[in-house]
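Input: structures, listed below.
Shared chain: chain A. Partners: chain B in the first complex, chain C in the second.
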Partner chain A sequence: MDKAMSNKGVIMLYIFPALFLLLALIYIPIVQTGYFGLMKWNGMGSKEFIGLTNYSRLVQDSLFWSSAYHSFLLALFSVLSLVGYLMISVVLAGKIKGADILRKIYLIPMLLASVAIAQLWMKIYHPTNGILNSMLMSIGIEEPPMWLADPNLALFAIFIPIIWQYAGFYILIYYAALKNIPESLIEAARIDGATAWDIAWKIKIPLIMNVIKVTIVLAVVGSLKYFDLIYIMTNGGPNGASEVMASYMYGHAFRGFDFGYASAIGFFLLVICLVITWIIRKATAVKEEIQY
Partner chain B sequence: MRKEIVENHEPAAPPTQPVKKKQVRKNEVRSSNGFGYKIGLALIYLLLGVVAVFQIFPLVWLFLFSLKNNQEVFELSPFAIPTNPKWENYVNVWTEGNISQYFLNSVLYTASSVILTVILASMVTFAITRMKWRLSSLVLGLFMVGLMIPIHSTLIPLFSTFSSLGLIDHPLSLILTYTAFNLPITIMILFGFYQVLPREVEEAAIMDGASIHRIFFQVTLPMTAPVMATAAIINMIYNWNEFVFVNTFISSDNFKTLTVGIQNFIGQYMTDWGAIGATLMISIIPILLAFLFLSNRIVEGISAGSVKG
Partner chain C sequence: MGKKAHTLLVAMLAVFMVVMAGCSSSNEATGDSGSNGEKTIKFMHLWPTGSAKQHNLITSDIIAEFEEENPGIKVETEVLENEQYKNKIKVLSSSNDLPDVGVTWAAGYLQPFVEGELFAPLDEVLNDGLQDSFVAGTTEAYAINDQTYGLPLELNIAPVYYNKAIFEEYGLEVPETYEEFQEIVKTLTDNGVAPIALGNKDRWTGSLWYMYFADRFGGPEVLTSAINREGTFEDPALVSAAEEIQKLVDNNAFNRGFNGLSNDEGKSEFMNGKAAMYMMGTWELPNYTTNEDVPQEFRDSIGFFKFPTVEGGKGDVDSFVGGPGVGLFVAENSDVQEESKAFVKFFVEKWGERAVTEAGVIPATKVDTASVDLPDMYIDILNELNNASNLTLFADVQMSATVAETHLNLIQSLFGKEVTPEDFAKQHEDALSRE
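Here is the complex of A and B:
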């Protein structure tokens, strides 16, 4: 039996097609991105090797850093909102009637296409006929904000639908983790006189710390590479006010046809995501294995 | 990275802090029937309800304005139910533009990539969990790290490679890319199931002299049907909603999917709210239907893919 299950040819046959796609369409491209970053290239003609010029331009590009700042702002915002999701999930995973229906309702926006979400929220934010300003005007606010057209508000106005989109996803993850905690543990604590607050803070949350760590990584990395709603709703505007790293890269590549520089940005984005993942995992590494 | 979580919850000694047992227990009994308890519970339901309304409200509004004409959108209150619902908005957008073509393309690309992804991922998961070879954990690691890679870091090389292969503006570029990018999450979902799946049936088949291929296709695949369904529905949602690759690789209308198609289509109808609403509704209805009938599988797939793997 061992012989049959270690047949090299069969293993190759089962692994190869998927591995080939993975290497050809994900791993080789990220190496190429770093390499193309060393080129002056408009996407069609020949490439000219210019060394680290693109990368040093990137370091001095204040527009890039402002887009990076926006991406990090989104990451911060997303991580802070995790606290809210965690609270909702703790409540939801208590003995709440209808918890199952509620968490499914929360999840619906996550299943929709970004294009649909973006178009819908553009209508919500519509200065005169959108539901938001209709409501504001009906309660007596005469000149409600322009939202997506206002440079001070555009970025934050997009954060709201991003939160809307992902809230259910994180609540679902926390809910599943909390439901995994053995009931006997909670019961024992309750008999020992722990309050609901104590049980949540001192038992439930520490027990799902590993899941919380994973969600922090997901939220931060997901934010740093975030693109869809920003590209569709404002395309980084007005005047760069909502530009993020991915939209900045995309603009340079497919509007500016500066493939060399865009590749440098794309490579930098990759490095940031991997480094940040590593840092978060180091920083939140559990010193001792929790036993319970 | 996520392995630890699965092993999270082994039963062990409960924390023991005997804090004035009797007294507290008495308090608890009192409070759970008391006024304060009821207020607290009401507040909790209020909070959960507000969140639910926030999540569902925009969609209800979308549905309502998809049935109105501009005059009704601009003059009636946003939540006024149209007295004379304009179902023709749906008929018009379906017949006038290329929406039906986009819809068909989305179905075709989604279906082909889902089938390809689930089969290839099953083969990899089978080889990793059932067969014995030295590099299996390295290969699994490669697939898992693939989850962390931003698609924007691959976009230019993919565009350039597909250009030189003549696959730009060709459906194959999308099907291959969707498959590659969904393999990691699919393997992750399958992996947990394969690990807990009893091996006796497979072992018995080997004893009977069945070939590996027969075991895979006739024993393992049928046994993993439930998890394949879960993985397929998650894949379907991702592919159906995908935007960046279509936007980058596809330029002719014949090959566009619903996401990019409606984005362009709405450009032409910028002022007709009813048409925009109907278009958006058409694009999300398949997902909402899938959700209505398969919500448990979706929930299972999303939590398996992100927490357990």
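Here is the complex of A and C:
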């Protein structure tokens, strides 16, 4: 093995397939998208080069910025929800009774397809027959909110299933990370008289800081490019009240036949994600690495 | 160790080859000849066995008949559900990879495909004796620059369906004028019944209501000429139409939360007898006549009426929102274009013979009501169709895709009262003049 790995030709040979696929399926399309963004193009037929018109239109497009604002709100809520997941994981990893069952319960939403989750929550939110409004009506509220039809509520009504959907995923990550902390460390702390709170706050969380950083990036980037539930549950409506960047892009490409502008949005979305990721990495960089 | 690594490499290469093969096969030209000189027509349609069982059956029958009459030609189908179909067609168009024959919509929807030279003109097929069998005005919706690019299969109008049982319970009569209609709405809301079922998440559903008001206030031309830029969207009639929509909303004429419900969800309010009225295209007719999955009692209790006239308005009661539904296209770059054209012709003729009796679809070709046995509701609708003074094509189909998006979003805001009627008109005008 060592011999093979020192041979540059062999290394190239091994890397090539993965590299080729990555280039062909990810990087080249990204460059192409940026290029299409410079075109007036309806998705078929000829393209007309219009320079940066699409991008300047994007900067001035208030609908785009409102959808971007919604995306950032989602990112904010997702990150806040991480705190909750972390707490749940700390409790679960702390050898409580039934932790195993609870962990599985939290994981179940992750096993459902987005479409199924969307259908489920659309039934829950149904203005007249949904269980949510039926419950509200049975406790005496005569005009319960019309969750997905009310422009002030629609966005937040969708946030709930989105956050619920990913709970299992993050809990699983935190749980695994917490389980990796050597028992001896915890025991040593306990002998020194540390409370459970101290152990969690001063030992466990600093030790899994790297994992937390990764989940923040995942949550933020995942939120910024989020699409599925919104597309199915409201399609960005009513009138853009729950539009996010990705659904706005989709609308322009596949309903508005404006692939040029949609490409510009897509490329811009990528740039935003890259910048945000970089900022998070910078902001959360720790000077000294804490180790076991 | 080295041996193991090389085995791994071989395995990886194998996977790689498979992936590459998968990528490349889709690039093959459509309609390739089979091994024994057989020709294959690729046909993509949107009638899956589940949601459009009868359509699907008729289609397969017609294909089987065609293959029998034309030995050496095979028709290969790919079936997708409506929304997926629309998306896939767009993806295939951008890679110039359309099936030989497929389903399309008229007017504004058709425009980019024609401009991109993706569809073949079908005039020679029409002039080959087929033109006369179409109802006047249907193929015109598929014509761009005097050439026809699609052969329509369906013709629809949108009446208001109503539940006779509910009407009887509250002593209501079919309205002739809009005042009577408003009375009905009032009586029903007073009694806690939702007057109108609407699922406006899909937006075109609300557009139907708006279009009727536009027609009844300003006559048949006002909306069409605003769209084709002969007129303006700030016409008083178009503003009044928007005002009237908001009055209906204020009077709770529509079921609760309609802006968050899809058409199917809205429809279910009508189908389970919770709402008294529902406006929809005649493609819904089977649900009120022949569809065995719907209880007989419900089917018998459904009638329809024409959208009432507005006092002082220019529109008359026989003017309908509607027009040709889907049609068939032939791809310009098809290798089997001649065969495809023959297939499309064959399909349209057979479809005309069978669609109405078996699938409950009103075809775009003329129906001889005397020779076929049809439920009464069909005969009535066909008579209305024959007496129609005007058919206004669905607004979002008339418009180009970008403007249609603006229109549909504005419709949703109008119903949600997030835009004033004046702004509603103005934003339409801006979007249309930007084109």
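Convention: the second predicted complex is superposed on the first by the 271 of 292 C-alpha atoms of A that agree within 3 Å, B and C clash if a C-alpha of one lies under 4 Å from a C-alpha of the other, contacts with A are read in each partner's own complex, and residues count from 1 in each chain.
Note that in this section a contact is a pair of C-beta atoms (placed from the backbone, for glycine too) under 8 Å apart; a residue touches a chain by one contact, two chains touch by 3 or more.
None of these values were measured; they are calculated from a predicted model.
Student: Once chain A from each complex is brought into register, does chain C clash with chain B or fit beside it?
Tutor: Clash - chain B and chain C, as placed by superposing on chain A, overlap.
Student: Of the partners chain B and chain C, which touch A:G237 in the superposed model: first, second, both, neither?
Tutor: In the superposed model, A:G237 contacts chain C only, not chain B.
Student: Considering only touches as defined above, state whether A:V90 meets chain B (first), chain C (second), both or neither.
Tutor: After superposing on A, A:V90 lies clear of both chain B and chain C.
Student: For A:I26, is the partner it touches chain B (first), chain C (second), both, or none of the two (neither)?
Tutor: first
Student: Of the partners chain B and chain C, which touch A:L112 in the superposed model: first, second, both, neither?
Tutor: first
Student: Scan A:V221 for contacts with chain B and chain C and give back first, second, both or neither.
Tutor: first
Student: Have a look at where A:P17 lands relative to chain B and chain C in the superposition and call it first, second, both or neither.
Tutor: In the superposed model, A:P17 contacts both chain B and chain C.
Student: After the superposition on A, what does A:S134 contact: first (chain B), second (chain C), both or neither?
Tutor: A:S134: touches chain B, not chain C.
Student: Could you look at A:A149 and tell me whether it touches chain B, chain C, both or neither (first, second, both, neither)?
Tutor: A:A149 sits against chain C, while chain B stays out of touch.
Student: In the overlaid three-chain picture, which partner chain does A:F259 touch, first (chain B) or second (chain C), both, or neither?
Tutor: Touch partners of A:F259: chain B and chain C.
Student: Is the number of chain A residues in contact higher for chain B or for chain C?
Tutor: Chain A has more residues touched by B than by the other partner.
Student: Would you tell me the residues on chain A in contact with chain B in one complex that are also in contact with chain C in the other?
Tutor: 1, 4, 14, 17, 21, 24, 43, 253-254, 259
Student: Which chain A residues qualify as touching chain C in the complex?
Tutor: 1, 3-4, 13-14, 17, 20-21, 24, 42-46, 122, 125-128, 146-151, 154, 234-235, 237-240, 251-259
Student: Which of the residues in chain A come into contact with chain B in the complex?
Tutor: 1-2, 4-8, 10-11, 14-15, 17-19, 21-22, 24-30, 32-33, 36, 43, 88, 91-92, 96, 102-116, 119-121, 123-124, 129, 131, 134-135, 138, 164, 167-169, 172-173, 176-177, 180-182, 184-185, 188-194, 203, 207-208, 210-211, 214, 217-218, 221, 224-225, 227-228, 232, 245-246, 249-250, 253-254, 259, 262-263, 266-267, 269-270, 273-274, 277, 281, 291-292
Student: Which positions of chain B touch chain A when the two form their complex?
Tutor: Of all residues in chain B, those touching chain A are 1-2, 4-5, 8-21, 23-25, 28, 44-45, 47-48, 51-52, 54-56, 58-59, 61-62, 65, 73-74, 77-78, 120-121, 123-124, 126-127, 130-133, 139, 142-143, 146, 148-161, 176-177, 179-181, 183-184, 187, 203, 206-207, 212-213, 216, 237, 240-241, 243-244, 248, 258-260, 262-263, 266, 273, 276, 280, 283-284, 287-288, 290-291, 295, 298-299, 302-303, 306-307.
Student: What part of chain C is in contact with chain A in the complex they form?
Tutor: Against chain A, the touching part of chain C is residues 1-2, 5, 9, 12-13, 15-16, 19, 23, 86-87, 90, 93-94, 96, 112-113, 115-118, 201, 203, 255-261, 265, 269, 274, 400-402, 404-405, 409-410, 412-413, 416, 418-419.
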